[in-house]
Structure formats: C-alpha cells, structure tokens
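What follows is a set of structures for review.
The two complexes that follow have subunit A in common; it is paired with subunit B in the first and with subunit C in the second.
And now, the complex of A and B:
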C-alpha cells in the first residue's frame, strides 16, 4: 500500500490518498496519469495489468488500486 | 447557391425532425429541438443588441453547447468556444484578445466565470432557449449576411505561447464540409463518435456533416479515453460506425491490447490525423478491422480543418510514414522552396494552401495574419492569397504527398540539413518505443531525443546508430514516462524545449 501511495504522490503530491475515493470522478487523475500509473505499477510489482482491469473503479482510490494489484498477484 | 451553414439544418429538419442529432450518454436532442432552440437563442441575442460580434460560449462538452453555437450564428454573430478544461491563463489571454461583450454559460461555468476579470454581459443557455422566436428578425438578419461573414473563432496555441484566434466564415466551412463528406462518404446512416473537445476546429468534422445529412453524433466523455475497454464498449453500445480521432486516442486502445478483447465491430470508417500514426499500432488496427476504411487527414486550422487525405491501401514498413496523399477537391497544395519557387518533384518544400477553404485570418492581429496569409509568389498578376503552413512536405515516387516535419524542425548540423522529423520516424520504428520527439539545441549544436518506451537510452542509441547517418544520431537521449501533449493531442514541443532548457 505504501508503495502505491508513493507512486501516486509522484503524480499529484497534494492529494490525501488515505481518504480520497474520487480520483477518477473528480478528474484528479487524467489520461496521461493512467498510462504512467499502469507502467509504474507493472514495474514495481512485476505484474502485467490486463486491459480489462483498466477501468475507473480500479483507479478511484489508493485502496482500489491496491486491491487490483493484490488480485493480479494472486492470479499470477 | 448555399451561402449559410444553417441551410444544412433548415433542409434536414424538414426531412427528419424527430431524429436524434447530438447525444451523450445521458440525453439526446432532435433536429427539431436543435432548430427551435438555436432560433430562440438567435432571437434573444439580437434583441440584446448584439450583431457581428464575437460571442464567447463557455460551456462543457454537451449537446446544448452545439445548439448554442448555431444560435450565435442565427443572431448574425460568431461563436468563440472555450471550456473549463482550458488552462486559466489561456482563457484570460483569449479574453484579452477578444474584448467580448457577451459570454454564454451553463450553470456550472457561470460560477467559474465570476472568478475571471470579466465585466460584460452573461447569458444562460437555459434562459435563452425559452425566449420567443422572432422569425421576421431572423429573416432580416439572414438577408443581410454574405458567405464570407464569420461563423466562429477558434484559438490555436501558437509557437510563441500567445494563442491566435483563427476566424472562419460560412464559405470556408461549406467548402470543407462538402469535400470532406465526399472523401469520407458520410450519409444519413453515419453515426459519429466524437472524441475532440468542442473548442477546437477538429469537431467540425462531426458537427456540420450531422446537419448536412441528418446523421447522428455521440459526444464521448473525455474520461473514456483513459479506459480502453470502456471506450470500445461505448462504440459498440451506440453502434458508432465513423470516427475522426487524433492518433493518440487510437493508439491508446491498441497499445493496451483492448482490440484483442473486444473489437469496435460497427466501425467502417476511421479517419485520423494531427500526428503520424506509428505503423506498429496502425497494423494492429488493420488486423482487427480488415474491412474498415482508414483515411489519413492533414490540414491546419487556418485552412478551416483538413486539406489533404490519403486512404491507406497498401502495406507500410515500420519505418515508413503514411502519406497525407492529395488535396481535397477545390484545394491546391503548392510546395515552395527557400527561394519561393515551386520545389522540384521529390524535393522538400513548405506546404502552402490555395483555395476557398482558407479562413479569414487571425482576429485582432493583422501583423501575424500578414506573415502567413500571403500573396501567392507564383502569381505576379493579381491579388491571390495562399496560406503558408510552416510544414514541410515532399512527393514520394508514387506522387503522394508526404509530411516531413515542421519548418522550424529543419536544422543545419555538422554541415548537413536535417529534418528532426526523420529522426523521430526512425526512433518510432524501434519495437519498444511508444513515442519519440526530437529537438535541437541551437547554442550547443546538439540533437536531443526524448522518448517513451521500455528501453534504455543506450539501447536506443545503438539502434539509431545502425539506422541513421552518424550526423543524425542524437547527442542526448532521454527517457520520459509520458509524452506531453497539447490540447490538440500533438506532442508539446514548447514544453519539452523548456524542460530541456531548465536543465
């Protein structure tokens, strides 16, 4: 979880990722960020994020991103 | 002879009044409603005393925004679209350049407008559409109008960072829409999926053909362009068969592997432009949609929209570029060399455009207008304007026009004339590179390459050394996480240059 917050802080340091659950809905994360995020997460956790996981509900909060990464790690 | 773009609407509303013209996920608006509401807005604006003025339309990406555009045209004024996505500073510069007397808002942007130093009139869409229509007044206005009267002003970024307002008229838009429609074969069954924001000229490709043919346009929310599968599902849900998108929107889908999961199965026409389509990504699209027509479009805002087209009809090697082909009917391309002579066949020249599609120039800026809208140097006998695009092109052996690079990307290095665009094409041909941009440091005489991809700079250097003459191999190679893009989806060279200079 810490690693994920760290990656997110790299994109937008001003956001409180412990509480924010509207990263996509409030347009905090944009399309450039998604590309960066997917690539950073893949490197950091050594995973391949399948395209069906690249959907809004998986990126709306640090928690959701964490859950997605866990799920992919379990499946691999 | 048609002399007003609204004639498209007036003919179509008689044929298919109940058909949906513009829609998003939440709502749709019929031609009848477009017709009624835009005349109400037109009446309202005239009764407020506005005529032949820029009217700013400060609204989001929504069907009612499009209706407002037409309302402004009915009133005999011209619309200037801006959007809350634009950087604040840019909006301020636009206000400074226009001195508008009126701004039209929706509920959301109305509050935002209060934070700007603007003291003119503010009107609200919801209120304007309830205004009673005065047909006599609208008719009188129509009678006074000619086809070279302005319709809209859109702002381009401008290499200096000061936005320039391009003024387009009925005549240039009609010429563009007629010729574009012929090439892309739009008809009443066309269902568009619109990607671009409404404040750029790119949205003309959907807005006006929808009026002309009684077609339908779905506005796709910007957030969908972050989620490839959701986007493909949107295209399928609304049976979208025609898209005119920037290349980066298409490559986002193919690069994440979305086409392997779901194919946009109704798409029969894909037009793309604004950037070079990397062949690797293009081939993925072609593989999954073998029967779809792919058409490359090229053109500057100053010539209304697109000026050239090329329908992809053969295989391309990874280091080739898809041609921009040939001009639309009623447009001519002249390639001029450094001495203002026509470039010899196969040689590089500046792409200059001749035709009715030329816009009127830059608003409140005669100086900049006269720099690029110039007398055709090949004609010494009578006044004739051409537009100098600042883009360099050449003809290939098949006689197809190729975009080479921006004129200011042409450099002299170690005695050689180099097109930075050529370095980018070669770099983009490397398997793992997703995007590349080359710059030149004129002081230190260094070629710089920024790229996005999972390779080290050393690997890129090795690859480029094999492919390029020694003098063209970049001296500085740096990886980026993402390529900065402008609002139009082109690589933001100004930003990259600043980034380099700050080091």
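And now, the complex of A and C:
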C-alpha cells in the first residue's frame, strides 16, 4: 500500500491518499496520469494491467488501486 | 427524412400514438421497424450496410461469448487438477482465439467505413503525389455514397463488441434486439454514441405513457428546434458568406466568422442532440447526455470532457488506453526511459497515443486535411498545456486568482476563443486558405469596417440580428440556470398559465423566426455529414 501511495504522491503530492476516494470522480487524476500510473504499477509489481481493468472504480482511491493490484497478482 | 422536415414530424406523431396504444411487450419491435423505415427513407441500399454491421457483430460477439463460457466452465471443472501455469496457458490461448474473432469483426466493419469514407481522399492524395512527380496519369475517383450515420453506428457497434470481448457484459442473444441497438433512429444520424449497458434496459423495457416525461421530452424537442432553426440556420447564412468569399472577407471578418461559427455549431449540434434526447424521452427512453455546457470550460481538456462527450469517451476507452497501456508501448516507454531519462520516457506512451487518437478524431470528422490538421492542433494544445501544468501550479500558488470571478471569466474566454480559432479549419475549403485567413487577422487592419456597415453584408437583416441577439441571450441565460439543476423541472413549478404561454411563444418563435421561410430550406445538421 505504501508503494502505491508513493507512486500516487509522485503524480499529485498535494492529495491526501489515505482519505480521498474520488480520484477519478473529482478529476484529480486524468487519463494521462492513469497511463503513467499503469506503467509505474506494472514496473513496481511486475504485473500486466489489462486495459479492461482501467475503469473508474479501480482508480478512485489508493485502496481501490491496491485491491486491483492484489487481484491481478493473485490471478497471475 | 430530415429531423426538421414535416415528414419527420408526421412520422414521429404516428409512431408515438402507435407506441403507447400497442401491447407494451412489442414496443421495441415497433421501434426497430420505425428505425429501419427511417433509414430506408435515406436510401434503401444503405440498409444493406447497417444490416451487414449488425449481422457480423451479432455472429462474432456470440461466438466470443461462447468461447468465454467454455473457458469459464472448463476452468471451474478442472479446479485443482490443473497447475497455475496450465490454467494461465489455457486462459491465454482462449483469449487469443477471442481476440482473433474480435479483430476480424473490427477489420470488417472499420474496413467498410474506411473504404466508403476514405477511398476518394486517399486517391486525391495519390493523384497530388503523382502530380508532384510530374506523372500525367490520374487515378479515377469511386465516389461511393456514404450511408447515413455510418460513422456513428459503426463506432457504437464496435464499442459493443469490444465490451463483450472485455467481458463487461454478455453478448445479446436476440439479433433483432441488437439490430435496434445499432439502428435506434433518433441517435442514428448524429449520436450520442451510446453504450449497450447504458441503453439496453431502457430500450427494451415496457413503457407506459407518462405525461410528465412526454411533456419534458416535447419541451426538449422544441428547445432543440429553436436552437437549430432560429439560431444555427440563421447564422449559417452569415458564416457561408464569410468563409465562401475569403478574398473579400479578411481580417476582422475572419474573427466574426469564427465567433458566428462557434455559436452556429453549438446550436446546430446541441440542438440536434436536444431533439434526439427529447424524442427518446417522449418514448420513455433515457439516452446519455452529449454536452455539459462546453463553452463554460476553463481549459481545453475540460472542454473536451464537456463537448461531444460520448465520442471523447469512446476514443478514450477503446483507443487511447488500449494503445497507451499496451505491452509494446510500455516496453517502448521503458527503453525511452533508459535512453532519454525518466521524464521523457514516461511521456512517450501518452504522447504517441494522443497523436494517434487526435489524428483519428480529425479524420473521423471528415476525409480532408482540414480535419486532420484540426485534430492534431487540438492534440498539440492539450500536450503543451499538459507540459505547462507545473507553471500554472506555480502561478496559482503565487497569485491567489484561481477562485476570482474575473480570472475564471478570462479562462472561459480564452478557451472559447482558442477552440473557435482551431474550429475555423472546418470552414474554409483547405488548410492553406485557413492559415492565410488566420494571417489576415493580424495583417488586415479593417477593424473599423465591421461597424461601418460590415455586418449588413453577410445576408442578414437588422431583424435577423435582433432575433439572434435575443435568442442567443436566452440560450446563455438557460445555460447559466442549468448549472443549478434542470430548467424544465424549475419551470414545472411555475403557474400553469405562465408555462403554457412560454411554450406557445417558443413554438411561435420556431414557426415565425425559424430560418426555413421563403428562399431557403432548413439545412442538414452539421454532424450528420460526419
């Protein structure tokens, strides 16, 4: 989880990722950020994030991103 | 059968009466019949194309779905007997089979679109090249007729099959139900480009007559006609005069043309979408909004989130993400990070995907270099503003102007003019003329002329200008009111006499001031030509 928050901080340091659950809904992270995020997560956890996983509910909070990474790791 | 024709109004009245009188479970079948009838009016041969798209998508999506079920059943049955690697290998091989089918469907349908829409454009470019190398031979043009709404229904249907492939939902088992999704007549000509999961419940369910919904739908249709016929078609005359005579109308006139075209296009496209969503609402069907007051946007990225929303999200979900997060793109990004450093390496996938998406967005709008340059310039502005983000951040933290009304107004004005500037590429006959006209804004000092009778040379009378000023002010006021909720709902709370007087006045305005009187006919919607 810390690694994910660290990656997110690299994109938008001003956001409190422990509490924010509307990263997509409030347009805090945009499509460009998501691509960078997918690239960083793929490198960090050595996973392939399929394009169908790119949906608002998977990127709305650090927790949601963590759950998605866990699930992909589990499936792989 | 144009939305603005009497035949269409009659078609709609008969349809609505039958729709609410007939047994509810057959309503969607009536809609399918009406949609095909509507399409047949445009050209009977066009039906073959839409049927080919429907049938190919139906067969292939169901085949993909069956493979998904087979894979899921097998994996469930063999739980425990297969190793992790074997399961992974099986999943990959099944996904590969599905991908092959998907590619066939995409190639077939985008192929039809590409051949019909872009063959002559390609030939024209080849001929120009041959000319450049002094080859005297010229390839002949095919002049294919473009089926009505093909760009819209192809995108909507391909979005559907990609979603089936991604297992977002299962494939539709009934070919006629899928046919209705592909051909639903209100949105066939100019969108919105709907998603199957958004539309299926509302499209196939039974609808009882709901006076409030029907009334709201009719109000929206009337509002759409008002924007289209009173404003857009009136401004069209002035825009055509200005852009049709680039030798005569330069300098300040180019700016006036830009401004008029911005309002014309907005009222034409949003008016058309109001009619589409209004018709659907009369039928009890909810369609996704395609605009959220785009001219109030403070940046170009925000503008593109609020203008033609369904096309933007289509490109984002089915093109931008698949390209930018593809394995090859991420590998390229990794290599670039090694060669050029972290900053540039990370930008590569986003930049390449953006350029491809905007090139395609441009060419989707029309087979001409104007549209391609327009798309790429949009991309350039977005990427430059993305790069300037740290500068904006510094500026906003140093000067606390972000929440000031005058600063927001400046941002809105800047975005409006920037978009209007780019959009001018739609208007002139080619890219070089457009850029020449851009140049004259700075070189021709004829700013005084416009107030010395210039406005009266565009083919509009003083009465036309008064109608335009009043109508555009009304659209602006309504847009401002929409920010705090539905205007129709607010209006519904007003006394009945006031409401019906307003509806009647609006109806009269469309009848009396609609630009379809003596001398010219209501024109086609601009987006129906895309």
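The rule is simple: the second predicted complex is superposed on the first by the 76 of 76 C-alpha atoms of A that agree within 3 Å, B and C clash if a C-alpha of one lies under 4 Å from a C-alpha of the other, contacts with A are read in each partner's own complex, and residues count from 1 in each chain.
The criterion applied here is as follows: a residue touches a chain if its C-beta (ideal position, glycine included) is under 8 Å from a C-beta of that chain, and two chains touch if they have at least 3 such contacts.
Predicted model, so just to flag it, every value in this text is computed and none were measured.
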### Task
Would you sort A:56 into first (subunit B), second (subunit C), both or neither based on which partner it touches?
first
### Query
Between subunit B (first) and subunit C (second), which, if any, makes contact with A:24: first, second, both or neither?
first
### Query
If you stack the two complexes on chain A, which partner ends up touching A:36: first (subunit B), second (subunit C), both, or neither?
both
### Query
Between subunit B (first) and subunit C (second), which, if any, makes contact with A:76: first, second, both or neither?
second
#### Entry: Set of subunit A residues, in rising order, touched by both subunit B and subunit C
27, 30-32, 34-36, 38-39, 51-52, 54
### Message
Help me check something: in the complex, which residues belonging to subunit A touch subunit C?
### Response
27, 30-32, 34-36, 38-39, 42-43, 48-49, 51-52, 54, 76
### Message
Quick check on the complex: what are the subunit A residues that touch subunit B?
### Response
24, 27, 29-32, 34-36, 38-40, 50-52, 54-56
### Contacting residues of subunit B [partner subunit A, same complex]
222-223, 225-230, 252, 256-258, 260-261, 454, 481-482, 484-485
### Summary
Note: in the complex, subunit C contacts subunit A through residues 88, 166-168, 301, 305, 316-317, 320-322, 324-327, 330, 333-334, 346, 349-350, 353, 386
